[in-house]
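A, B, C and D label the chains in the order they appear, each numbered from 1.
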Amino acid sequence: MTVHTSALADHACLIVHGPDRPGIVAAVTALIARNGGNITTLDQYSSNADGGEYFQRVVFHRPDLAAAMPVIEEDLTATVTPLGLEWTLTDQSIPKRMAILASTSDHCLLELLWRHRRGELPVTIPMVISNHTNTAEDVRSFGIPFFHVPSQGPDKSEAEAKILDLLRGNVDFVVLARYMQIISEDFLDAVGVPVINIHHSFLPAFIGAAPYRKAKERGVKLIGATSHYVTKDLDEGPIIEQDVARVDHSMSAADLQARGAYVERAVLSRAVQWHAQDRIIRDGNQTIVFS
Amino acid sequence: MTVHTSALADHACLIVHGPDRPGIVAAVTALIARNGGNITTLDQYSSNADGGEYFQRVVFHRPDLAAAMPVIEEDLTATVTPLGLEWTLTDQSIPKRMAILASTSDHCLLELLWRHRRGELPVTIPMVISNHTNTAEDVRSFGIPFFHVPSQGPDKSEAEAKILDLLRGNVDFVVLARYMQIISEDFLDAVGVPVINIHHSFLPAFIGAAPYRKAKERGVKLIGATSHYVTKDLDEGPIIEQDVARVDHSMSAADLQARGAYVERAVLSRAVQWHAQDRIIRDGNQTIVFS
Amino acid sequence: MTVHTSALADHACLIVHGPDRPGIVAAVTALIARNGGNITTLDQYSSNADGGEYFQRVVFHRPDLAAAMPVIEEDLTATVTPLGLEWTLTDQSIPKRMAILASTSDHCLLELLWRHRRGELPVTIPMVISNHTNTAEDVRSFGIPFFHVPSQGPDKSEAEAKILDLLRGNVDFVVLARYMQIISEDFLDAVGVPVINIHHSFLPAFIGAAPYRKAKERGVKLIGATSHYVTKDLDEGPIIEQDVARVDHSMSAADLQARGAYVERAVLSRAVQWHAQDRIIRDGNQTIVFS
Amino acid sequence: MTVHTSALADHACLIVHGPDRPGIVAAVTALIARNGGNITTLDQYSSNADGGEYFQRVVFHRPDLAAAMPVIEEDLTATVTPLGLEWTLTDQSIPKRMAILASTSDHCLLELLWRHRRGELPVTIPMVISNHTNTAEDVRSFGIPFFHVPSQGPDKSEAEAKILDLLRGNVDFVVLARYMQIISEDFLDAVGVPVINIHHSFLPAFIGAAPYRKAKERGVKLIGATSHYVTKDLDEGPIIEQDVARVDHSMSAADLQARGAYVERAVLSRAVQWHAQDRIIRDGNQTIVFS
């Protein structure tokens, strides 16, 4: 279960991923031990007992980690790479840099800013970009830069270029906090970092626009929200987290939307926290979440 | 909220439905008062404050109800019908007769039989019909008749005719407790009573066959079940109740199915209880549920 | 189910309460009809079918309500009072005035301010009073007056007197949004309006101070929060709403507290909304909640 | 998350427990690797980063496990014991033997029998013992022996002696499925295996008898159930699992009890499944649950 935490001094997170075979855990944990690390969390998953895909996340404490990182990486290259495994080693004391793209709706945006201020999201927030200005004052009251990049008609290329200029080199991932603009393939190619979206339905139900109206028309008894990585296939990217709330016949589409806002902000917050803590591994169009 | 209950002596349930206008509640409650009834529950809903559709459910206690029913019905015809309203009056001391159609899966079937034995479903169960025989002994141990009507290939007409022969005149509604056979339009026309189904997904997601496999492939984080009235449009009938359970990447499609079984039996049980207590009003392809 | 709403023009809410007897609903609804009202919501509850206590809430629409109020009240006095019933009639277009008392914790306070700004709480907020100053800037950014009244040692009488001076005549109810000070009997006697508290446990478990630490020590698997009316018996007042969140062995008491914050703000928000909409009737040490 | 499963051929579960120190994971996983095992699940928890208590559960696959067990145990004694750690190695292909003690209530009892028949509980059930006879036929219809041991007045020693005679040597753990008799200290000393109880409240709220009545009187908005290991301190043993259900003012104590029955059977089932899969480690009066 996710534990409330900020960045962790002298802790590293090692993600290992590749074809399963006996002895991986032993090899990896021996490597950590001989490099002076003490494991605090270890999760692993194999997609299939016989020859499946293997995924492992280890967090370990190592005094003077920053100095030791190159040596550990060398050892990983020498020991783990030959096993056919890919690995990523990150220093958990360095928070990821998260940009937020927003629009007029403030609920997801403010929830992230507020959790960040409480120390519950191990990230820095170098900027919020919005195609409207209504949230500028709120954002700046948290001490965070706000940039206004208006959307201008069907040709989004100019606006996207401006956003890319702002993001380039400054962020480790991007969160669409009810941004409500379709992101182009070109943008995704250019941005070069993961993009997390919150969709206001329980995907794959009610794909596309106006999901609360569709939910009302279909007469569902629960509404939901879905956070997923953005890919070129709209609303089809790997799902990170979902949740639902109960509704009934007496509620209008606007009522569903108001209630849904609370599901959206909770679901997006969990997705962001897990991503920031390297708890999510993408596996094709699915996710492994070591929550 | 639904209260645990069996059939209620000397209680009537009045459903009123039609175009909204001022004074309906007053007219209906005055009628009940002058006929010696004491209201124990009243729920109403208007689809629109200005000229919408009005729905009301009233349960009232009336000593010697059976004798008074014709007089009350006469009063309703004289007073409520002229307001353009449709009404239904039912004696809550008479349990509805429920037939269950099942297949090899036993979880929904046994849940209904077990809740019935505990006195939580105000119904009688004149028969269980299955296209397999594996549950025969279990069903009969509850003192309930079991009939075996095998499904025989793509032409279902013969099996459906046999089922209709068994049901005709003997039941007030039919429950498909994971029956797994597509019901023909002819059957629905002929059966003449409501048919309730449990679908093993959170509709409208994963319509059609093998929803747990599809859920696994899509990588959803919650699985669900949906109980709905059966119409000619497969998986598209009015939704009565839905619920979900949390799943994760480590679970196989078979695991999802096993976990989903517990959602299915809970969702179907609530739908059956509400239907048996006249708590559901159909409104086009939606339901008003006074739960 | 509670519907998202702000204050409702030309709508009145009538609460009726007293010994049950046949015909109350008919008498009340006839009164509303003859005064030109159209009922939009009616809920009722009787504590006992035979001679129990009766509770009813009716919301009705009446054009030009403000002008008609005195006439309706006269009719209620003439018709409903003689039945031995107490009643309250409120104009739903007039939002209740809510004061918030807070301390250093900001999560419940900000949640209320934020929901209010979204138009989801039909109240005005004439003031926030805190015994610390850390939230002053946030509160004022919502356009709401902030007053600092420090708590000074064991003798709270001076601070309470200052708070009473601020509240007197200006508020219809008071919310303790993690105020963390014990309210004296004298204060409760003097304030003269309902006081709503949020307690950070699933009462009656973990009564008193430090509930998250106690929860950790006892090893519970769920933590909760409880909103209740404040009475002279600490933590013993009528419960309005409760909810829980799942926790596990790996979480520290601080983790429980962080997770619990999200339960607290949701539970308190629902309690405040229901109170503001006259959905709660106190019945001894219990509440009837027509949510 | 718990995966639906029955007993697992050639899989062992190793529990390790003791003072934390760097290198434990590496030492244990190296041991498993050199003994030909392939780890399929590894969970660990340390109560404190600096010198806390360490808990680890590893499941590994080892062809021809039964033959290799003595060698692995020898290696554990030589390698892990000197680290100051206690360990337990169990063959997951051998289901634990579970006795159920019941009384008149059948809901928890039948849920366990039915889940067992579905293959969801990796146990054998050598016997059900009840102080009443009403469930005898149901139990035997599952092919399970039923023994009637009446409770006879305040002196339980004779009945407990009979139960001990039945259990001795035949069971690995005992489940009290709403047994409703207080177990004596002598019984607990003599039985020599873990005893799991289901308590019909959200402990520590409503300790003792008649929790649903107390919940009604206190006016709570959620009711719960708690499964815990039985110790000499009544209702105070280590909590394994808890859950809740929503209730409201309109429900009687009997309604709460009916609704609570569904929480009880779900909570007890999860607790039994986790215990049967060696997922629970006791830590003083708390539990570590690797669910």
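Keep in mind that, in the parts below, contacts are C-beta pairs under 8 Å (C-beta built on N, C-alpha and C of every residue); 3 or more make two chains touch, one makes a residue touch a chain.
Keep in mind that this is a model prediction, so the values were computed, not measured.
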| item | value |
| --- | --- |
| Path length in steps (a step moves to a chain that is touched) from subunit B to subunit D | 1 |
| Angular offset of subunit A relative to subunit D [C-alpha, multiple of 5 degrees] | 180 |
| Per Cα centroids, the chain farthest from subunit D | C |
| Pair from B-D, A-D or C-D with over half of its contact pairs in common with A-B | C-D |
| Whole-Å gap between the CA centroids of subunit A and subunit C | 37 |
| Intercentroid distance (Cα basis), subunit D paired with subunit C, Å | 42 |
| Touching two or more other chains - residues of subunit D | 248, 250 |
| Of subunit C, residues touching subunit B in the complex | 21-23, 25-27, 29-30, 32-33, 36-44, 46, 49, 61 |
| Residues on subunit B engaged by subunit A in the complex (per definition of touch) | 45, 202-206, 218-222, 224, 238-244, 248-250, 283, 285-289, 291 |
| Subunit C to subunit A touching residues, read off their complex | 1, 3-4, 107, 110, 114, 118, 120, 137-138, 141, 246-248, 250-252, 254-255, 258-259, 262, 266 |
